[in-house]
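The structures considered in this document are given below.
Across the two complexes that follow, chain A remains constant while its partner is chain B and subsequently chain C.
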Partner chain A sequence: MNPTRPPAQRDEPWTWARRELFSGPVNTVVSVVFGAALAYVAYRIVAFTFLNTEWEVVRRNLRLFMVGRFPIDDLWRVWAAGYLVVAAIGIGAGVTGAVAAETAVAKGRPPTRLPTAVAVGRFAPLLVLVVVLVSLTRTVVPGLLAVGAVATLLASRTAAHRVPAGRARALAWLVALGALVGAFLVLTGFGGVGWDAWGGLLLTLFATVAGIVLSFPLGIVLAFGRRSRLPAVRWLSGAYIELFRGVPLVTLLIISQVSLGFFFPTSVDPPSLLARGLIAIVLFESAYMAEVVRGGLQSVPGGQVEAAQALGLRRRHVVRRVVLPQALRAVIPATVGQFISLFKDTSLLGVVAFFELLRVSQTVLSQPDFRAQGLDAVTLGFAGFIYWVVSYTMSKESRRLERRLGADRA
Partner chain B sequence: MTEPNTADQAHDTADQAHDTADQAHDTVAVQADATAVVGGTGAPMIECTGVEKWFGDFCALRGVDITVGTQEVVVVIGPSGSGKSTLIRCVNRLEEHDRGRIFVDGIELTRSLKDIQAVRREVGMVFQSFNLFPHLTVLENITLAPLQVRRWPAGKAREVAMEQLEAVRIPEQAHKYPGQLSGGQQQRVAIARALAMQPKVMLFDEPTSALDPEMIAEVLDAMRELARSGMTMVVVTHEMGFAREVADRVVFMADGEIVEVGTPEHFFTDPAEDRTKLFLSQIL
Partner chain C sequence: MPANAPPPSPPGAAAGRAPRRPRGRLDLGAVGLQVLAVAAVVALVVYLADNVSTNQRLLGIDSDFSYLDDPAGVLVAFSDFSPGQPVREILLVGLKNTALVALPGIALTLVLGTLLGIARLSPNWLLRKAATLYVETLRNIPPVLVIIFVNAAVVLGFLPTIQESFSLFGLVELNNRRLLVASPVWTDGTAAWLVVVGVGVVAAVVFAVLATRRSFRTGVPHRRVSRGVAIAVGVATAGYVVLGAPVALSRPVLDGPSFSGGAAMSTGYFALLAGLVLYTASHIAEIVRGSVQAVAKGQVEAADALGLSTGARLRFVVLPQAFRIAIPPTLNQFLNLTKNTSLGLVVAYSELTLITQQVIGNGSPAVQSTLVLMAVYLCLTLPISALTNVANRRLQLVER
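And now, the complex of A and B:
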C-alpha cells in the first residue's frame, strides 16, 4: 500500500442525485416539491423577461436611466469619460497583474495566469449587463462604442502588463490617475455639464466612488482617533461616530440640502447641491467605516506592535507597515459590505431631488405613454438588475482579494 | 569567541560594579557577593539601578540593580510573576519604569523618544510568542527594520537578511510566510530578524516556552552559537541546562527582587539563599 493521492470523490450525476435527493420517501417528496417550485419560479422569470414584458418603457428612456438629464448634445462627454475610466482600470489591472506575477516568480512559484474562461466568468454578470444595455439601444452606434470600450480595456491592460518595473511603472500609475482626472474634466470642464445636472447610473456610480474614496480614509482616521491616548481626540472621535451613526442617512441628506448653508460664512458660496449630498453621505458612511476599521485594529495582537517597536520602527511605520495591513485585511468582508451598502444608499439621493438610478425608474412611469400601466415591475426590475450586477461584482472581487491576500498563510 | 575574563578585566569590572552598588545603597536585593562580578569584557552595556515598576497597585519590580557587561550572557530565572520579563521589557522600554535609572550602551532611558529609538536600534528582542509579522514573508519580516530604521539600500538589507537566515540554518524558507513554518523555525526567524539590525544586545523573553519539546533544541542551538560569537545577551528562560552551559552569570528573581546572583557553578551547586534552594528543588 502506497497511497499517493486521495481516493476519487467524483460521482456520476445520477448516482449523486439518488444519494442526495432521493435517498428515502421523505427526501423524494421534498425534492420533487421544491424542484417543481423552483422550475415554476424559473419559468415565470424567463416568461416575464422574454415573453410577457414590454421593455419599451426602458428602451425609450434608456438615456434617462444612464445619465439622467445630461444634455443630449454633450453625450459625447460621457462616452469620452467612460473610455478614459475604462483605460485607467485596464492600466491598473495590467500593472497589478504584472506585479503579482513578478512577486510569484521572486518567491519561486510559477506565475499563475488566469485562463480566459475564468477571467470571463469573473465578470460574466457585468458582461451580461453590457449586452442587455446594448440590446436595448435603437441605433448601432452605442453597440460599436461598447465593443470599442471593451477593446480599450483589454488593450490598455495588455500594454500596462508589459511596462517594465521601476520608473516606467510609476509613470503608468500616473497615466491611470491622469485618465481619471481627465474623465472628470471632460464631463465638467470646457463648457461641460456641472454635476448638479448629472443623473441616472452616472450619478449613482459617481456618488458611490466619491463616497468610498472620501469616507474610507476618514473612517481610518476616526478609528485611530477613537483609540488615541489623548482623551480629547478619543472623545471627539467617539462623539462624531455615535452622532452620525445614530441619525438616518435620509435625515442627514435633507438637512444637508436645506440647512448646510447656515454653517458657511456669508462671504463663501455654500457648496452645490450634489456636493452637499456627498458631504452627508461621507459623514454618515465614515462613521460606520470607523467602527469596521476599529474592529480590524482590535484584531491585531499587541505583540505585533511590541515586536515592531522593539525593532526600532517609528510610530508611523508601526502603523503603516505592521498594524494597518493586518487590520484592513481582517475586515475586507465587512469593508466591502459597507461599500455595497453605500452603493445602494446612494438611492436615497433620489429623496432629495437628484435623478439617480432609482428615482429615474419611478419618474419615467409618469410619462403619458406609460402612465398607470403597472410598469413598476419593469423599470424597478431593470434598475434592480443593475444594482445587483454591481453589488455582486464588488462582493465577488472582494472574495478574490481576500483569497489572494490570505492564500499564502496557514 | 569570548574567553573567560582575564584577571585584570575581572578586577576592573568588579570595581565598576562596586561603584554601581555604592550609588544604589538603599538596595535590598543585593545579597550575594557574586553580584559584584560583571562578566564579559567589562564595559557595562546595561546598567539598572533601583528600578521600580508598578502595574496599578501591584509592584512588579522593587528596586532592581543589575549591570550587564559587554559580551556577557546573563540568564534570569525565577518563578512566574517574579518580574523577569518585566525587567527585560524595561530595558528596551516596552514597559516604562517608574523609579530608578536604566542605561543602555551609555544612553539613559527617559521620556525622550529620540533616546528610546536610539536604544531600541541597538537592542534586539525575541519573544515567547515569536511575534513575526504574518502578512510579510520571512525575508520581508527580516528586512523591514533594516530598510525603515537603518535605511539600508534594498540589496544590503537582503544580503544581511540571507546571512542571518543561513546562520539559523533556514535560508530555504526565505519566501514563505510565518504561518507556513513550524514553531521552532518561526522562533529562529525571529532571532534572525532581531540580529539583522546588528544590535549590541539581545534580549530573550522565554524564547522556548511556547515550543513543542522537539523544537526547543534547534532554538537553543542558535542561541548558543550567538553567545559564542560574543553577543551580549540577557535571557529569561526555564532551560536550566542552557543556563548552566552558556551563562556567565545567573540571576534569580522572586517577587520583583533579585534574590541571588552568581556564576552557574555557584548557583547550581551551592546556592546561598533559601528561596533559591526552594526554587531549584522544585524545578530540577
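And now, the complex of A and C:
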C-alpha cells in the first residue's frame, strides 16, 4: 500500500512490558488480575485436554461424530468424496492465488508469496483438528489417508497455480466444479447411500454446502427484486425478505417438519424430512443473503452504470459485467460472515431430530458405557472445537481476502 | 478509504435501479411484468392454500382458527396456567416467557458486550488478549451449543445446592434447582405511584427539549441528560415517600428445604439467558470495537490538536460518531437475540416455540398453529427491523 512506511519498531522485552503492562498503578493491577485469570484458563484447558479427561467416549464414537449412521461397508465413498472435495478446494485456491499474483504484477507490485511458516500458521487450527482426529483413530489407515488428502490438496493447488490464464483456467474451474458434483455422486449414486442415512460432521457440512449453493443465487435475485424499478416486484421481494428474516430458524425448521407436508398436493409424496429441513434453511438464509447483496449493490457508484450505458452495453451486460462483480466483491466479508452463520445454524437441524454433529454429541451420552458420568463437557467440547475450527478459519480467510482486494484497489 | 476511491454517489442514483420514468407516461411492458409477478404469487398462494385445505379435509382436521378457544391441555412449568384454559391464553404465557428472556438478555448483553469491546481497545496487552480470546471463541461456535453447555454445567454441579445458594445482595438467588429474583408486589398505591413516575419522565423530556432550545439560542450548556435524569428520579423518589412506599419487594428467602418469595425460574431459563448473553455479547463487542476504530483518525488528531483531554475527546468527538455507526448493527443483534430465545426448547424452557410444539402435540392443527406462531414472532421482530431501517437511512443522510 504505502512503499515508504516507517520501519516497525522492535522493543526490548522489558521496555515492551513496561509500556503495555505496567505503565501505571491501574494498568499494573489489571495486568496482574488478567494475567492470573488467563493463566488459570490456560491451566484448566490443558488439564481438561491432557490430564483428567477420558476421551474414550469420543474415541469409540468417532465414526458417529464424523458420518453418523453411514454404513461401514460404504465408508470408502466418504473418503473418495473427501478426496474429490479436497482436490476441488486445492484447484480453487491455486487459481485464485494465480489471479491475485497476476493482478499484483499488473499493478506494479511484487506478487506476494507467503513464507511457508506463515502459510502453515494460517491453517494451524485446521491442521490441529486433523491431528486430533487422526490421533483418536485406532488403526493406521485413516492417518495415512489424511496425509494423502493433505498431499492431494497441495498437489492440486500447485498444479492449478501453473495453469495459464484464459481458456485453460476456465477449464480448471470446471474440473473443480466437476469434482464437487462427483463427490456428491460418489456418495449417493451407483448403489450409494441416500442423505437420510447421513449424520455427524458429514451431514453438517452437506447441509452447509447445500444451503450456500441454493440460497446465494436466490438471495441475489431477491436483492435485485428489492431494488427493482417495478413497485410490485419491489414489494413482493421486500415482503419475502422481511417475512423470513423476522421468524427464528428453529421455528421455521419446526414448521417445515410439522406443517410443510400439508402444502403439497395429495397426488405427490411430500419430500423427505431432511429435504424439508433444507427448504427451511434455504428460505431463511436467502432472505439474509439478499440483504447482504443489497448492501453491495448500494455500494456500486451510479457513475459505473452510467458509464457502462454510455458505452452502449445492453442492460443484462451492465448488470452481469459491471454491477454484479463490483457489488459482490464489496461484500465478500459480509457474505462469508453469512456463510459462517449458516454453518453454525445447521446445528439447529439437531434440535429438530436430525443426527448432525451437535446431536451426536448429545446422543452418545445415553450409551450404557457413558451414561450419567458427566461427560457432557467432553462431547460438547469436541463438537464445539470442530465448529470453532471451521468458523474461525473461514473468518480469518475472508479477512485476508478482504485485505488483498483492498490492496488491489489502492 | 483509498485515496483514489470513487466519490460516494448521491442517494437514489446508485446502481441497479434505473432512473424513473417521467410521470404520466404508461409503460405497458412494466405494467404487464408487474401484473404477471403479482398474479404468479397470488396463484401460488391460492394453490398452496387449496392443497392445505384438501389435505386437512382428507385427514379430518379443522381449517379454521376455532382451536384457539379449545382447552390447551398442557401444563406450563413455573406458571399458574391450568390445562383447562384455552390455547390463546397459553400462547400469551409463551409470549411473556419469551419477553422474560429477551428483555433482560438485551440489557445484560449490552453491558457485557460494551465492556468486552472496550477491553479489546485497552492499551493493556493482557486485557486486550483476554477479551480477544473470549470474543474469537464465543463468536465461532453455535449459540445452541453454548446454551446446552451452560445447561450441562448447571446439571453437572457447578452451581451450589439450595442450602448454599449463590446470592447477589439477597435480590438474586442462584442454585442448582432454581433462579430466584426479587419481584415487586403490586399494592393499592402502586398505580398512583406509576402515574407519578410517568409525570416525572414527561417533565424530564419537556425539560430536555426546552434546555436544548435554550442552549441553541444562547450557547449556555444544556446539561439535558444529567438534569433530566435528576428530575425524573427526584419526582419518582418524592412520590415514593409521599405515597408511603407503594411498591413492596418480595425477596427470595430460604425457608427450610426451599425458597419462598421472589419470582422463581427454572435452571433452563438461567441456561438460556446466560448462553444467549455470553454468545451475543461477543458480537456486540466486535461492533463496539469496530465502530470506535471506524471513526476517522483525523478526528482524533484534530481533537488532540485542539487540546481536548482524553475524556473530552471521547465524549465529544469519538463516541458520538462511533455511536452512530454502531446503532444499526446493534439493533440487528438485539433482533437476533430475540429470535434466538426460540432455542429455549433445548433446555425445556416454555417459550413461544416450545409451547406451540406442545400444543400441536396435544391436537391443535399444525398449519394454523405455526401460522399464528410466525405472526407472533413477526409482531415482535418487525418493529425492531423497521427501527433498524430508519436508523440506517438517517445514518446515510448524516454521512453524505
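We take it that the second predicted complex is superposed on the first by the 388 of 410 C-alpha atoms of A that agree within 3 Å, B and C clash if a C-alpha of one lies under 4 Å from a C-alpha of the other, contacts with A are read in each partner's own complex, and residues count from 1 in each chain.
In the analysis below, a residue touches a chain if its C-beta (ideal position, glycine included) is under 8 Å from a C-beta of that chain, and two chains touch if they have at least 3 such contacts.
This is a predicted model, so every value here is computed, not measured.
Of the two partner chains placed by superposition, only chain C is touched by A:Y387; chain B is not.
In the superposition on chain A, A:P248 makes contact with chain C only, while chain B stays out of contact range.
Contact with neither chain B nor chain C is seen for A:E56 once the two complexes are overlaid on the shared chain. With both structures placed on the common chain, the touch criterion links A:E397 to neither chain B nor chain C.
When the shared chain is aligned, chain B and chain C each come close enough to touch A:Q304. When the shared chain is aligned, chain C comes close enough to touch A:V258, but chain B does not. Touched residues of chain A, counted separately for chain B and chain C, are more numerous for C.
By the touch criterion defined above, A:L313 lies against chain B but remains apart from chain C after alignment on the C-alpha atoms of chain A. In the superposition on chain A, contact is made by A:R321 with chain B only, not with chain C. For the contact definition in use here, the residues of chain A common to its chain B contact set and its chain C contact set are 301, 303-304, 322, 409-410. Contact residues of chain C toward chain A in the complex are 2-10, 13-18, 20, 30, 33-35, 37-38, 41, 48, 51-52, 54-56, 58, 122-127, 129-130, 133, 136-137, 139-145, 148-149, 152-153, 155-157, 339-343, 345-346, 353, 356-357, 360, 366-367, 370, 373-374, 377-378, 381-382, 385.
Residues 92, 94, 117, 120-121, 123-125, 127, 129, 131-135, 137, 144-145, 148-149, 175-180, 190, 193-194, 197 of chain B touch chain A in their complex. On the chain A side of its complex with chain C, the touching residues are 20-21, 23, 27, 30-31, 34-35, 37-38, 41, 224, 227-233, 236, 242-243, 245-251, 254-255, 258-259, 261-266, 297-305, 319, 322-323, 327, 340, 344-345, 347-348, 350-351, 358, 362, 374, 376-377, 380, 383-384, 387-388, 391-392, 395, 406, 409-410. Across the interface of their complex, chain B is touched by residues 106-108, 301, 303-304, 306-314, 317, 321-322, 325-326, 329, 405, 408-410 of chain A.
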